[in-house]
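First chain A sits with chain B, and in the next complex the same chain sits with chain C.
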Partner chain A sequence: MKRTAVIIVTALLAVACNQKQESTSTPTSAAPAPKSVMHVGLLTPGSINDAGWNALAWEGVQRIQKELGAEVSHQETKTPAEILEGFKSYGAKNYDLAFGHGFEFQDAAKQAGAQYPKTIFITTSGNTVAPNVAPMVFELEQATYLLGIIAARESKTGKAGLVGGINLPSIASTFLAFKAGAQSVNPKFEVKEIYTGNFDDLGAAKLATQSLINAGCDFIFHQANEAGRGVFQACQEKHVRCFGSNKNQNDLAPDVIVASAVLDVPGAFVTVAKKVQSHQFKPEIQYLGMNEGIVSLVWNDKLKPAMKPETIAEVEKVEQGIRSGTVKVPRGF
Partner chain B sequence: MIDVILHALPIAIIASTPLLLAVEGELVVQRAGMINLGIEGMMLVAAMTGVIGQQLTRSAAAGFVAGIAGAMVVAALFGVFAIRYRADQIVTGTAVNLLAAGATGFVYQALRGGALFFVPPMPEQVQRLVVLLAWLVVPAALGLLLWMSRFGLRLRAAGENPEVLAHVARYRWCALAIEALLAGTGGAFLSLALSSGFAENMTAGRGFIALSIVIFGRWNVRGAIIGTALFGIAAALQYTLQAMNIGLPYHLLLALPYVVTLLILCGIAGRVRAPEALGR
Partner chain C sequence: MRQLAAALLAVVLLSLCALAVGRSPVELLRILTLGSVGSRFAIEGTLLKSIPLLLTGLSVALAFRAGVWNIGGEGQFITGAIAALIASHLGVVPAILASMLAGAVWASIATLMRLWRNAPEVLTTILLNFTAIHLLGWCVNGPLQERSAQYPQSDLAGASLPVAGELHAGIVIALAASVASWFLLYRTAAGLRLRATGLNARAAAWAGINVNAQLVRAMAISGAFAGLAGGIELLGTTHRLFERFAAGYGYSGIAVALLAQLHPLATVASAMFFGALATGAGELQRTAGISSSIAVFGQAVIILLLILFGSWRSRD
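Presenting the complex of A and B:
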């Protein structure tokens, strides 16, 4: 009897914990009311409090709520089945726009898009296009290319290290650009890559960083989302310089983070939502980079004066080249 | 190659310290006849309470005390069901893990992540002290306690043949408290010394790895230490191999520590005999 009771309690707990976190909030009354309220959904692969990739998407959707008076909703979806279910739930509720926050959302977007033609499905990164499906492509590579130049110009050992969570195309692509930037300065510059296999294990990211430092890397760049904090801690302990990614992370470890490759994801979300609201959306890859004001390189003002003036001048020059199109930054996909 | 291993050794030992503490704790409870799957949740809660304790007092010692306290609460929850009400231990442990993951995630989100959970690096002396405790002092103490004392004999009797023991529950509660002490220290060390703070699911399966190391280490202290050291060194080495870019896919290298530990421990373990009353 007791055993049965425990099993029932356990089962209930399991169900309660597996309930997808879904939150819907109504627009603030002060927002200008369009004829019909736009409904916008967001699927993220992880917690929206990761101070990184997923937090940015949530901020974007909140800005859509505030600036466009939309009604917004969010779900955390980790598996392909959950993703498809999440997209379909927005399609079934006749949402105008549903975002899937990552490369891995494409297949589900295409599938749900065919079933629910009234909803526009946008994935952050990717290449799948259908009449109501399109990817936003952030050209973060433009900024990581510049980080590579900084590393190659300032490194004393001639080696830099990269720590990634999982080898996703969007992550590998920023690493590719970093390498290309570094080798544009010095073709012999060595860039070592490590993947830890997840985005949760800060301890593993720290261990990976220590291995890179041991191997002689004196600049570290990460694409490990939340686990990036482990990277910064390893760099702080050994006073090795590093770079922030996605958000301006310069304040997290101001003594070692030289600059951050910043992506204004919220701005990108608002840009796309505006297009959808005004019926100007075209089914094509939505490129968003430095010229659109979405990607930028943000220096840590505390460490910038320690850089060689030539380094700073070169970064500025190449940035102009990227903006005008004379410098082509390679992409991984 | 020798050079590479020597370089990786110190960071491997420090990085696998939380795992070792968990292995030692789980060894004690399994010797007392319990399988505590909830050790993962115990470490996760300790990782969070440790950070909160450290951030409120700015003292690493208080962080460890808070971490242990957090683990004790989880242990008590497991004990009430598994010892007091004799519920299925596997089911109870799973429930404890789900609860711990949910509760810490909820608190983390409610506190909006951020600054409270970003702690400064821990002083090196404190780190060294914990590493020394985990790798030398605790194994010696456990060896003495479990195999040289009357208390240890009775604790093991609770795991081998509880029918002959008058106060089985009492010894199992003691074992659980020892586990909470060790796993709590491990969880707090993970978040405070190795991770710059708390993050959701940051234990990343260390509790489950600890559970299997206890089994493959044949439920003795020597096996526990060898198994953890093997795992830790292989984990650090595979990162070094990744950095050397030898052309193997990184997924294979990530699996290396598991494969190496499994093969070596199976090789030296020979015939395995679990505590007779394990899980009952």
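Presenting the complex of A and C:
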């Protein structure tokens, strides 16, 4: 009975399609894309309406469309079968570039890349490299290193606290750079870390921050995403200075956030697409940092005048050093 | 006639939806069809997605036939995959057997709670899903994390299923499981006892059937199939574990089984229909820019109408 229904629906679909196929010939699925326009595909692990990780990728692809005149396509892929199918479909249509927005896209990128050598497959983070496959790696560490310098220069107690969500390599790495920056100023500077175990429990982040403040930390940096608001709440209550991360968060608590380590994810997509368009893509990890304009340190203009001039001068000097390569910022992985 | 009405109504409703977002319904239908069965690539994609759906569908069909409401396919899928990964170092056959065993054991926890304290399995199996999801999260961040310890995923499995082109041997196993389920349910005395219990447990008990034994058996087989689905997905498609491994296959199995009226052979067609919908929806997103939420909405409309107009509880 039910099978009959299924068959009927399928038959109706087929009939409808055949009719259409005869009357019009719109350039869709099967036709390979013409080479004059750049074609860019994006696979995301979740909805692009999430106002977060996936929305940033979609924003990047839309900027590629606007700035480079590319034709863009997107698919939300939840399973490895869908990921592989999405990548292969872009390859089969001769797309110039296909992004997979996460480390979990590496295996499929490698597999599809071997089959479709003309398409370049880029994953957001990861370490898999092949002739037409590479990951983008963001160097937020460059900015957190500078935050460490600010903390060490301005701290009265000689202690700073770090609040992390989950102990992921990417997060531990920004903390490592913060600590290295601080200890480049004062080798005895103390940095305490707390991981709350998730990215959305504001209460836990607030408690962690309070305990760090009670332990004498007078600068707080967080990598707790949503829960970061709890960090700012605690800092506002105790008037302890802190830093924003990933986005320019200076306006979230303008009386305590001194500066933010900012990461321009959409800009990273555009940078890589430009490389591919101008045939300058090289099969290597695509490090995206200050020189590419993807990572920056953004001061809170309200609090910057309260800093010592030497602090500001040193941050500017070290930033130049990072850009020219004379200062090496450590990475955790 | 009712099915025809359902099909027509589905087409009309979805056409209206397409018009509402300013697209030609005929064009979208064409992309959906071409994207799911229009090329060898598309057909392989459809079949690949049908394999886990068929097995989780069978898992649900078997349990529901016996009157056991196993909503825990998702958790059994996950534990099956974890066991398969661990056993994959012994070879592909031990890995498959381990996945079935793990699924059956995980499902049997719910059986035990039902027999011991009469805890309803609808509740316990759902709760076991969450337990399994967190177990998986712990595994890929802890004992089973890749050796470089960089990302929350496992290393590649020690064995994998034989492949032919894009397809893997899982399709043969899934089809065999489907035929075996049909044989069990409709050609054996054990199957008759399972179905009789499902139709009316009290009458079955009066007829001398050990109803509790049927519960234990149905749950174990159902769990084994869901676990097998997870094992095959790991050994054939993903080759490693990560946090969002299950991706809803366990829950989709319920829709697959209901659409097939809980018949093991009809489940094959039903699973392929769902596989085709998912594959076609991907193509809709890529070439027509239809967002995934609209594509999923369309699938839901079709499923709801088919279930609404069909009498899926018709018993034979």
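Couple of notes before you dig in:
Just so it is clear, the second predicted complex is superposed on the first by the 199 of 333 C-alpha atoms of A that agree within 3 Å, B and C clash if a C-alpha of one lies under 4 Å from a C-alpha of the other, contacts with A are read in each partner's own complex, and residues count from 1 in each chain.
One rule holds in what follows: contacts are C-beta pairs under 8 Å (C-beta built on N, C-alpha and C of every residue); 3 or more make two chains touch, one makes a residue touch a chain.
The structure displayed is predicted, hence computed values, not measured ones.
When both complexes are overlaid on chain A, the residue A:127 reaches chain C alone and has no touch with chain B.
In the superposed pair of complexes, A:94 makes contact with neither chain B nor chain C. Shared-chain residue A:80: touches chain C; no touch with chain B. By the touch criterion stated above, A:47 is placed in contact with chain B and with chain C alike. Look at A:208: by the touch rule set out above, it reaches chain B but stays clear of chain C. Legend: residue contacts after superposition of the two complexes on their common chain; A:278 is shown touching neither chain B nor chain C. In the superposition on chain A, contact is made by A:103 with chain C only, not with chain B. Residues 2-3, 6, 9-10, 13-14, 16-17, 47-49 of chain A lie in contact with chain B in one complex and with chain C in the other.
Looking at the complex, you find that chain A touches chain C at residues 1-6, 8-10, 12-14, 16-17, 19-21, 24, 26, 28-30, 41, 45, 47-49, 73-82, 84-86, 88-90, 92, 103-104, 107, 126-127, 168-169, 333. Put simply, chain A touches chain B in their complex at residues 2-3, 6-7, 9-10, 13-14, 16-17, 47-51, 55, 161, 167, 192-198, 200-204, 206-208, 210-212, 214-215, 217, 226-227, 229-230, 232-233, 236-237, 252.
Note for the complex: chain B touches chain A at residues 7-8, 11-12, 15, 18, 81, 85-88, 91-92, 94-95, 98-99, 101-102, 105, 108-109, 112-114, 118, 121, 190, 194-197, 199-202, 204, 235-236, 239-240, 242-245, 250-251, 254. Interface of chain C with chain A (complex): residues 3-4, 6-8, 10-11, 26-27, 29-35, 38-39, 41, 45, 48-49, 149-153, 237-240, 242, 244, 247-249, 259-261, 266, 269-270, 273, 276, 278-279, 282-283, 285-289, 291-293, 302, 306, 309-312, 314.
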